[in-house]
């Protein structure tokens, strides 16, 4: 059963589904729907949610439903399966209930355990509380003849206490008296965290909790785990969800909770490099994408103005005016506000170029991006150099390593990837850097 | 004396007063003034300040003044009383002086101790230093026949060392060799913290220290304490003080230092929900409150422009233009920039509605806010839904629990609250959720 | 050899130089150039870089070059010299290589060690890993007859694990089984940190890592060390480098990596107060410096507009309009957006004024800044008071203490400082506060 343990080095998506709902003929209807997801709609980690998403009086039935549905369809499901059970640092009753549900779900007689990759434990407190959950999972493994440590454990960080606990993980994980090496995901749960921190916002919107996300990402880095952000409630707001993922990725938090298959698609794609590179301009504090027309990068907003005048150029960004005496000076000023977002193809190119240079004994090379930019009918040629050394190479490799992890573990997404990037780019991207 | 220990679950205001000043007939004049404060002008925690606010050569007299003034007026004072004594992690002389002052102030012969709720210890270092202060308080209790642990201890966090120490509090507080369960407030002291961190700003303004405030709030959450922000020097700047409180509240830091009775009033009211709800619009990065006129929510600034044109609407927010084909599309676009700030009444309504739904077996309901919005003479009906489940309910409950704590502990503010919200709303707010 | 240990209380600049390059007659050419730097071009800490800046196959030669070049020119070099050797928390081979290089560089037979102040250890992990490096340095000292602890150790923080380790430094540094008191600089290395955290940004730009910088500064404060920020790659972008330093200083991180002598000059000057004070205005979110003309402070941009109208003034900041009935009201409104950046001279004045007041038994004084401000041809007299007490005094003293440390340790910069500030101001600045 070793295969279970941390096959995935990256998890983009954490998708929850209620385990039992009243009022339908089949209380497991949503589970049956979710386990049928494939391709970009299927998450990296699927979480039959026997906690908050399921009514308290339906959770015993929910545990049985999980076992039944995973027994039927788990082998074909393309992602990992980690049910969430009930748990609370302040309630022994809840903890015992969670233990019973794990015993039920993992019972080999129910036929599901081969495709259960682990459990998600919510509402954990300090590390002593995490160890109680770990111990119950050890007992479940022992009772059911599973290898010790074969079931992964993921936790939801939804208290200040749990946030602090993450700082000690690395030290505790190796100790002989626990099996915390089974830890897999550190998932932020901002709604309950907000309650625990007693935070108040005028509109009731969730605070940003940037420090929590940093600390979660850092703990994942220090303990070899994977950081996942909590749910984004406003399902309608696709752009907001995308922005949140971009902000998370810049902290090393590459996974996020998804509440709908639509969010799963968005979150599966967002951390991957774009199929086509593009230029952006910092238009007085707002990043605006340039549009390409006949090979020229065009800015057509009002926040940046450019005019050819006697003896030079006048460039106005917001309320800041500059006079530039030559096209060269103008190109320099524009480079301060322009940026290039490289495509998958660009990144692979640069990596290959650097590898060849290293082979030839050079430690650093300049990667050049050139473009013709048009603002208010003035066209300028710009060209920006970025130095790549070993450290740059390795830092830029992260999206490629993520892509390779996805390619390796999610054959069901090969078609989508080939359609997105072309077969050729995919082929080179899975080779580069190995 | 158990009653002393942490009656308050929330502290909005921490108000300091010099204990002895030269040049007046009565060196305790300011103390006598402060102990007479009532209602919104009276703080939740009053701090006769025998440290920085009082000249070093006046502090022995200051300690006597505290005892005298509290003996006279302490029983009638509506908030808690926690004198600040001298202390420094690097000076045994200062620490011994602080110990002597505590012995004096708490001496039953002086008649004040029944109304002394605890002491505030500034300039603490690592936890071993906190334990020295704790030990002195234990000795004070023992010498004066007080129950061990009956005097609370609050600390001022004004060094990087103390910030780090907060991370270990939860672990240390239960140990048999200390009485750290007496801890009550964690108060940031940003001026000295800035010195200790050796930070430099061009104007000499205090840095934001957002990470410090987060870490203080988190430590309070993990150890069952209350987080309080430091002094806001610019007394004239009421809006700035209010903004700081709003930012603090979004981190779970619901208390703040007050330097004047005016700041006390502001800080006592700021974390409570408004009496009337209102709409805001995100006008190109700035949040602007809409004004109500005949039931219509009106935006009258220049940053958002709306026009009815052939076949639809043109909406311009800052430099971003959108064309919207129908009123429905327009309403959707507006919802992206509109927000509703619920009143106390609204929050109580929503909580009651959710409680009824839960009673009826439903786990989630939609709370709807509708309004007619007018921008540049175009009127649009908008309606926004927010899902409430158990977690939302509990997170939204914080301002209500705060209100109930205030109502329970501060009878002297009942009239102010009734005037602010109406008797009826107050009545329902103190019932809901219990 | 005690003199080596932490003579410097402040380090502004950390300048790295490759130790050996192929293709030149003299592979140590860059080292010979750097050791000749003097005055503002010479860093506080010079780092012959036998790690990333030097090709792997040149590093043995690099170690010999360091010894040779420092033996020749080290005695005259005005800053401290701390070579960086190879190290990696995950590679015993790399660690042993670093040990061998340290043994070589510090061998008294090579004649360099008297002017080697310590070593820089990159890529450290948890504290047990830091202790391995510490132990190797202890052995180097013992083998070469140097006093134990005489060689400083600085580390590069480039992993989440190392970031967490900083939180435990204070506790570990006193223990008998290590010599961690030799620690000197905590240097952030954001490129490798970004890789370790697996962060992704669309353009490949480095994330801000504000939390890392805060935590580094805090650890330096708690353990008596000095915090230094990592390299700023865009050498062309002087303004960006300056802004980064300003942001760092507001966190207590007063040092920064420099990649060129030009960056050294900028970073040596940036944390010092300006020679001339100036006013700034918050022009709708952007801080703009006013220009002086005939003693009047003039704002000449478009973001703030001011007009005298019937019965008062109209002030428009961005899209916010205010009507003010009197010049007094106008001055009050302007003070909300105006700020004064004091010169070295101003700070010394204020400190002397406060010292005199304290001598006379007063604990707090008001420091006044007055100016005539002109906006759109309307002139207004404004005057702002700032309360100074002991805490303000001490917090404002940091740039002066920094200046005094520089003056004491860097005689080669005396001429530059006298030229910048005038002899008289320098003379007073080195006296004040002592």
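Quick notes on this structure:
As written, the chains take the letters A, B and C, and residue 1 is the first residue of each chain.
Just so we're on the same page, a contact is a pair of C-beta atoms (placed from the backbone, for glycine too) under 8 Å apart; a residue touches a chain by one contact, two chains touch by 3 or more.
Each chain and its UniProt protein: A, B, C = Aldolase/citrate lyase family protein.
It should be emphasised that the depicted structure is a prediction, and the values quoted were computed from it without experimental measurement.
Under half of the residue numbers at the interface between copies chain B and chain C are found on both sides, making the touching surfaces mostly different. It takes 120 degrees of rotation, in steps of 5, to superpose the Cα atoms of chain A onto those of chain B. Inter-chain spacing, taken between the CA centroids of chain B and chain C, is 35 Å. Within chain B, residues 167, 211, 285 each touch two or more of the remaining chains.
Per the touch definition, chain C reaches chain B in the complex via residues 167, 170-171, 210-211, 214-215, 217-222, 246, 249-252, 254, 271, 274, 280, 285, 318-319, 332, 336, 339-342, 361, 363, 386-387, 389-392, 394-399, 402. The touching residues of chain B, when paired with chain C in their complex, are 22, 52, 55, 126, 159-161, 163-164, 167, 191-192, 194-205, 207, 211, 233, 236-237, 283, 285-286, 301-303.
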